[in-house]
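What follows is a structure written as structure tokens; I'll ask about it next.
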Amino acid sequence: MSTPGRFAPQDLHFEERIRASFARQKAMALIGASLGPVAAGRVEVRLPFRDELTQQKGYVHGGIVGMIADTACGYAAYSLMPASASLVTVEYKINILSPGRGDLAARGEVVKSGRSLTVARAEVYAGDVHVASMQQTLMMLADTPDSVE
Amino acid sequence: MSTPGRFAPQDLHFEERIRASFARQKAMALIGASLGPVAAGRVEVRLPFRDELTQQKGYVHGGIVGMIADTACGYAAYSLMPASASLVTVEYKINILSPGRGDLAARGEVVKSGRSLTVARAEVYAGDVHVASMQQTLMMLADTPDSVE
Amino acid sequence: MSTPGRFAPQDLHFEERIRASFARQKAMALIGASLGPVAAGRVEVRLPFRDELTQQKGYVHGGIVGMIADTACGYAAYSLMPASASLVTVEYKINILSPGRGDLAARGEVVKSGRSLTVARAEVYAGDVHVASMQQTLMMLADTPDSVE
Amino acid sequence: MSTPGRFAPQDLHFEERIRASFARQKAMALIGASLGPVAAGRVEVRLPFRDELTQQKGYVHGGIVGMIADTACGYAAYSLMPASASLVTVEYKINILSPGRGDLAARGEVVKSGRSLTVARAEVYAGDVHVASMQQTLMMLADTPDSVE
């Protein structure tokens, strides 16, 4: 799945654009997530473990695992879009493979980048443990600002 | 989908058990979610709008919409399980139907309660606006505490 | 979910259009499926049991259960589209709730009909037994013929 | 995703077992599908194009694409199970990436093989064209025959 360079970005400033967009996501600040490496079609989101992210059994809440996987997929898709576009999540499906213990990293990657729809996947890891797998559909909104209107 | 009384709880104290479990979820406190009505096979989770829940465009983050839908489905499933059991989310799929603006309510309902697997659905609303639809699979863990071990 | 009349068709001849489209689906003939009732936003596909539809244990193959649910959702969505449009399946997710024994009926219903994307659900029954639940996303192709080009 | 040898089969005769099970699937014969290479945790299902597999636009029906992906995932999972077990599909989610034109090959691979649940993925190709991506959950049934009871 990871042939380097198989995605051709339309906007060479995609990394700057993604980092600025991520910084506008207050929900990412709330959970303490940060952006890791950003490449064309591939983005990592990191989440250090914090007690306030847990569910009733002390693991990171499955919905929070979904949040970082959703965000990693979204920015992987966004990296291939023109600078004037924004995007929305159409839907996603996530399998929780192991309890989320410790620091998490969600690695999103584009599977197919179409004219309006993009399909992406993310894998969430806690160290070597495979915590979750997501498959997601996103839709590009042409000529729409990626900020509060 | 909503025939009252079509689910028979195995533990008559399910509401007490669910409210105690929800109170142990630090992630729900972090986002400001609370439990609404709890019935056998049907649970509502409420989330007042807060600026810190938003993504880059000012709407509630799709992953947070997923968090409350996941939790509503999970407790709907949990309401039908014996008091000695706990459960884990196997997977979920969510469609985002409209941007999440304003206060949200996620209503989870059991579709099928099997021996080990339960399928549930949740609808998320912001007032009259249908924000999201989830379909989820959960697995019962027999004789396993629903708390930090 | 089933408020009658909550969907307003754009083309009053939607039933005729759907029946003609279904008749062009050779795959439906191959498995012996037929169209049941057709209403705005709601379509039923029927599949009499045949030995040649089974998997290794003698139940209707889960993929064939998916085929009729996919088709029921698709035509439910199609019923609300203009006569000049066609549509494609973006993705679907299906839970198999019980083994498919006997004659099946898949009832598709639109959840949300948007400008380009529609979300629909289908329930598959064998008599009173709930066999499967699907949640699906479809995309309208404006001014595109619904036939072999 | 494809580290050779990362899966350890419990039954060294898994290929024989899978080929016998596939041969019992009348639905695979109906659509003309055959088994390609079989390895531990990885199975390919092939489907030559036939006019009777098409939907109204002349492409292979999305549900049939789902059938072969479902089957490829299922046998990938089955390859890692003990000889005395059988399995059922819990659910699957599939994205249709391109119209299915020509001969298809569905390559299934195990993502995580757990005690009772297995998560697998399949990619469907028509030559070099990526037609579909599936993510699936399966459940092992211990000491249950994989045949008509």
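A, B, C and D are the chain letters, set down in written order, and residue numbers restart from 1 in every chain.
One rule holds for everything that comes next: contacts are C-beta pairs under 8 Å (C-beta built on N, C-alpha and C of every residue); 3 or more make two chains touch, one makes a residue touch a chain.
Just so it is clear, the model here is predicted, and its values are computed rather than measured.
Interface comparison, A-D against A-C: more C-beta pairs in contact at A-D. Computed from the mean C-alpha positions, the centre of chain A lies at a distance of 23 Å from the centre of chain B. Chain centres here are Cα means. That of chain A falls 28 Å from that of chain D.
The centroid of the Cα atoms in chain A and the matching centroid in chain C are 32 Å apart. Counting partners per residue, chain B has 90-91, 93, 95, 119, 137 as the residues that reach two or more other chains. If you draw each protein chain as a dot and join the dots that touch, every dot ends up joined to every other dot. The touching residues of chain B, counted against chain A in their complex, run 21-22, 24-31, 51-58, 60-64, 66-71, 86, 88-96, 99, 146-149. Contact residues of chain B toward chain C in the complex are 1, 93, 95, 97-98, 111-112, 114, 119, 121, 130, 133, 135, 137.
Only residues 90-91, 93, 116-117, 119, 137, 139 of chain A touch chain C when the two sit together in their complex.
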